[in-house]
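When the chains are written out, they are named A, B, C, D, E and F in that same order, and each has its own residue count from 1.
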Amino acid sequence: MPIISVVIAEGRTTAMKRRFIRAITEATVEALGVKPDQVRVMLNELPLGHYAVAGETFAERAENAATIKEAS
Amino acid sequence: MPIISVVIAEGRTTAMKRRFIRAITEATVEALGVKPDQVRVMLNELPLGHYAVAGETFAERAENAATIKEAS
Amino acid sequence: MPIISVVIAEGRTTAMKRRFIRAITEATVEALGVKPDQVRVMLNELPLGHYAVAGETFAERAENAATIKEAS
Amino acid sequence: MPIISVVIAEGRTTAMKRRFIRAITEATVEALGVKPDQVRVMLNELPLGHYAVAGETFAERAENAATIKEAS
Amino acid sequence: MPIISVVIAEGRTTAMKRRFIRAITEATVEALGVKPDQVRVMLNELPLGHYAVAGETFAERAENAATIKEAS
Amino acid sequence: MPIISVVIAEGRTTAMKRRFIRAITEATVEALGVKPDQVRVMLNELPLGHYAVAGETFAERAENAATIKEAS
């Protein structure tokens, strides 16, 4: 331990994901006083249609935003 | 919170998944007395070969059912 | 499947949790067209100090709100 | 219950995954004294770039190993 | 990897849990061809009131069974 | 999103856990370019007897270390 499982939206670059993993690993080592090789990070990428706030998926949100933009 | 993580089998339509997300969000708002924007839903779709009951994956179950059907 | 895992804050009554479980089970049966005994629900209650938004735990948020109330 | 969720690296054969699911189901039935149909297993395959130890993803580790091999 | 997360009902002895952890670790090592120290197991014990099938928690199920027993 | 779920061993102070939550939130905001209030962190503390590497729980490991110390 610690085992860190992160849910993020699909679409980020490999480089950004690698920077992110290094950054939270370093933050964990420093704040919890553990060794780097004790820290495991797992990324779970969700399609925008599989994540929702207030019953609206991020895919619907993007569609609605595009519709409003076209109409304006 | 609440954060709702749902594991379902692959294969449902986008429309069905959107109805499902709205339905459990409404049920959560009503039963727990929280606001809609406090409710997050995450769908995790599993291939049939990655979900098993009693050691048999749903993919094996479908294959076995098809074999029986052919033999009858 | 479906397997529904819900993270909520500690502190709700047993009666409310039971109503909530029944409500999301019914919503799932109806929206996904599955049988009731295919639906499993798991509740994970987190202490307020173990859930954070924007780096602030709900425990800190409650403490800060109380401090503000005392000062006003 | 029990509900067993397993995170593994992408890349194993279907046959190996089926053997694995059967093996941990049997081990669970025997050790916990439950019936086979009470045991659910869910496999979550992660791409090598989404799993990291000590801040280094398994994809980076494979790349670095290949670089060292070329240089030697 | 593999990282194995198991949800079980509260109430088992320490000895049984240790036997269970050893058994699924051995089954994993053998079936997936990984080394023992690559296998991590996490047990998550749920109170009976936090696990439900078909909208009925295991706590309700136990209460209903006891009521039926008294009435018979 | 991002939703960050962290499994750690029981036993850390509240102050350390708050520092840790702030640190990984800041690291996430910076590396992924999201706003602080988009970042949710959930801590799951496991008893030492519920986390195992190579089939040995951290509780067993501590017991074995203590036995060796006594014998030396």
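The rule we apply is simple: contacts are C-beta pairs under 8 Å (C-beta built on N, C-alpha and C of every residue); 3 or more make two chains touch, one makes a residue touch a chain.
Chain identities (UniProt): A, B, C, D, E, F = Tautomerase.
These numbers come from a predicted model, not from an experiment.
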Set of chains whose contacts include both chain E (Tautomerase) and chain D (Tautomerase): A, C
Copy-to-copy rotation for chain C (Tautomerase) and chain D (Tautomerase) - C-alpha atoms, rounded to a multiple of 5°: 180
Furthest chain, CA centroid comparison against chain A (Tautomerase): E
Averaged-CA centre spacing for the pair chain F (Tautomerase) and chain A (Tautomerase), given as whole angstrom: 19
Junction residues of chain C (Tautomerase), two or more chains touched: 3, 7, 26, 40, 42, 44, 46, 51
Chains touching one another, given as label pairs in label order: A-B, A-D, A-E, A-F, B-C, B-D, B-F, C-D, C-E, C-F, D-E, E-F
Chain D (Tautomerase) - residues contacting chain C (Tautomerase), complex: 3, 40, 42
Of chain F (Tautomerase), residues touching chain C (Tautomerase) in the complex: 14, 17-18, 21-22, 25-26, 35-37, 39-45
Chain D (Tautomerase) partner contacts - residues on chain B (Tautomerase) that touch it in the complex: 7, 44, 46, 49-55, 57, 59-60
Footprint of chain A (Tautomerase) on chain F (Tautomerase) - complex, ascending: 1-9, 12, 16, 19-20, 23-24, 26-28, 30-33, 46, 51
